[in-house]
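Data first, discussion second: the structure below is written as structure tokens.
Each chain carries a letter (A, B and C) given by its place in the written order, and its residues are counted from 1.
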Amino acid sequence: MADIYDVQGLRLSLADMARKPLFGAAPRHEILKGLTFRIARGEIVGIVGGSGSGKSTLGRALLRLLEPSEGRVLFEGTDITHLPESALRPYRRRIQMIFQDPMSSLNPRHRVGQIIAAPLMLHGVEGPREAALRALDEVGLPRGFAARYPHELSGGQRQRVGIARAIALRPDFILADEIVSGLDVSSQAQVLAILKDRVRDLGLTLAFISHDLSVIRRLCDRVIVLYQGQIVEDGPCDRVFADPQADYTRELLAAIPDPDPDSDWF
Amino acid sequence: MLDGRGKTRRRAGARLWLSAGWLVLALGAALLAPWIAPHDPLAQDLFAGRMPPIWVQGADPLYWLGTDSLGRDVLSRILHGGRVAFAVALVAGVATAALGALLGLLAGFYRGWVDVLISRFIDIWMAFPPVLFSILLIAVMGPGLTSIIIAIVVIDWTRFARVVRAEAMGQGAMDYVASAQVAGRGRFSTMIVEILPNVLPTIVVLLTLEMGIAVIVEAILSFVNLSISTDSPTWGSMIAEGRTSIHQAWWVLVFPLIALFLTVLSFSQLGEGLKDRFDPVLR
Amino acid sequence: MSFLRVENLCVDLKGSGDRLLRGVSLNVGAGEVMGLVGESGAGKSMIGKAILGILPRSAGVVDGVIELDGENLLALPPKVRRQRIGAKAALIPQDPLTALNPSRRIAPQITDRLVDILGWDRARANDRAREILAEVHIADPDRVLRSYPHELSGGMRQRILIASAFAAEPKLIVADEPTTALDVTVQKQILRLIRDMQARHGTALLFVTHDLGVVAKICQKMTVLYGGLVVEQTDVHGFFRAPAHPYSRALLAATPRHDDPAASLNPVPDDIIQAVRAEVAAADRNWRNG
């Protein structure tokens, strides 16, 4: 199986504006500290970590919404680490993202139909309207939703619009960043089921960022555990959950409150 | 659906309809002034000076709102004065909004050196005392409608630029901007398609406020005799003239004042009303 | 004897008349922990807010009894009611970042209530604040009391809020999703702290959460809500062994768990949602018909 992503020694630092001196540049704060991993085509890989672990930054670096400071990111063998936006455009169609907060990622003043169709039009896909409606079908939303505004939808429905927008382009790779963390358990389960089904049907590769190991366990083939900008564990889900190697992974697993009152959890 | 949140509807009706009603009425009357005004606004009739409005004893039924000290018809002068007021409000308001909003959007969305450049320019610009600045401008350009409009635009664009910049900055941090980038949309296109609709409600509210301000600025400049030549009536110049004869003929001051007050108030209420009624996010 | 008794509590959205709570009844004894679970819009936070008298302006109690320590709060004049609530109940809020006033030091934010409602003098209140901060394992209480919120970490602020809730020795504490914003590892520490404090002080605790896992770990009794209606009320061990109501069963099957992926994250079937909605509608019909 060919690799869709090959990440080598990825480092990324951002300017720390809170500590910017009166004159001169702000100090750099290193968020990703040398990450190396591959993502194989067709794989569903979970990326887990606490707040401040750098998991969202990693996601944005894979999509080149952020530019790495060191190391290389290869997408299907092409080095995209420092490509300018214009050179990235042909790849944009093949790499999509679903965001954490649909309230923020769906433009509140555009209708759902526009939101899904806009990327299709930008990439010159034929029949963008029909494709957008089909994408609504695929995530189990009525076609009538195309005329609605995002705030008229429930949280789970909004997140399904996010999925529809991402899959409408028929990309090769989707990054899902904490897409169920704001949802109720019932819509969470439904959104995850739809995402998993569509990813399998369309043969996509998925990177799923989450703070919740239970969700990753249910969805993913493989899990990468991040702690303070470094990979502390990377392996198949079955193995990592049965026999975690890193202390941090063990700590994470022990902290999950399972719905079971009899265990001696504390 | 069983959730009560977000169900509290806003009452937008009265505010919007009253303000829009007055503005449509006043604008219509101003446009039609040459045809509907009962008298020539400049025609003097020294035998009919300081006639009170028709419901006061001793009035002349030909002059509904009375006459000033030179015997000119107050109603006709208000109608004609409205033409100047609305011309200034619409042209100066829209031009100010366009200039200020564009610079504000560029600064707030592009950030970096574009922002530094525009923001510093705004800071310097705002350090000039505005009244002095406008008087100076008009002194240089000479009085007239165009000069007033240019003076208002030149002074007030910063108001738009600052607010729109802050708003665009906030919107720029939203994920739908990142999402447009993922979709492969260019920077300028993102600014117009994604950001602009989200700052538009703010721009509309500011615009209507600005129109009210423009009417007041025109009146103030007329009041200090820096507006249009004295042979075309304006609300400001009527108020200035009325002030000198307040004890003998209160109506010369009061009626243009009411017209001014209602128009400025309606402009500000119109903006809020439009936002409540038409913003899809609030609806 | 239960310390908190809520009977047939009904809360409406003012103006529209939409019902937010539909005849909720519950009892919490001294030293007992009751979990309130449900999805967003189920009204779980609304119950705590109604008890503490902090309902949003747009909502109002239209019927029912809220009895705190044998006294019906709703029958008291507003000023006396605030006095009683201030003396006997407290809140642990959801968001540690906004619950503390950023422009005041920590000390007065803990002691104000002691001085204003219990009538203590400042010195005594300050001693108490120092004591209670030590109890939540804050190493240097004097320094913390002098600090402003922004000088402290998120975890530290959450500890302060817990300490502050226990400072006046209330008999009832309402915890409104106090760990939702936290990482799992921090959540575990905070839950342990709340449990220890509650047990030591013998406080009745009403724990609002959407997470059945958290309920399993910290509560003895629980109330499942849907659309402002009590769907199931039971003891925690019984619930997790065999939930009685179909909706509760579906909710449990939808809850993520890492030890048993097959029993986790199963979407709630549509017919169960339809059925529970029908129950809500039936409750409204009964209520309208008297």
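In this text, contacts are C-beta pairs under 8 Å (C-beta built on N, C-alpha and C of every residue); 3 or more make two chains touch, one makes a residue touch a chain.
Owing to the predicted nature of the structure, the values given are computational and were not obtained by experimental measurement.
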(request) Check A-B against A-C and say which one is joined by more contacting C-beta pairs. (result) A-C
(request) Quick one: point me to the chain whose Cα centre is farthest from that of chain A. (result) B
(request) Would you mind pulling out the distance in Å between where the CA atoms of chain B average out and where those of chain C do? (result) 51
(request) Return the distance between the CA-based centres of chain A and chain B, expressed in whole Å. (result) 48
(message) Counting only Cα atoms for the centres, state how far chain A is from chain C in Å.
(response) 33
(message) Two or more other chains touching the same residue: where does that happen in chain B?
(response) none
(request) Give the residues of chain C that touch two or more other chains, as numbers and ranges in rising order. (result) 40
(message) Taking the touch rule as given, give the residues of chain B at its contact with chain A in the complex, in rising order.
(response) 6, 174-176, 178-187, 193-194, 197-198, 200, 280-281
(message) Show me the residue ranges of chain A that touch chain C in the complex, using the header's touch definition.
(response) 50-51, 155, 184-190, 192-193, 211-215, 217-218, 241, 251-262, 265-266
(message) For a test of understanding, state which residues of chain A touch chain B in their complex under the given definition.
(response) 60, 63, 65, 85, 88-89, 92-93, 95-97, 99-101, 104-110, 118-119, 122-123, 149, 151, 165, 169
(message) So in the complex, the part of chain C that touches chain A is made up of which residues?
(response) 39-40, 183-188, 191-192, 195, 210-217, 236-237, 240, 250-252, 254-259, 261, 264-268, 273
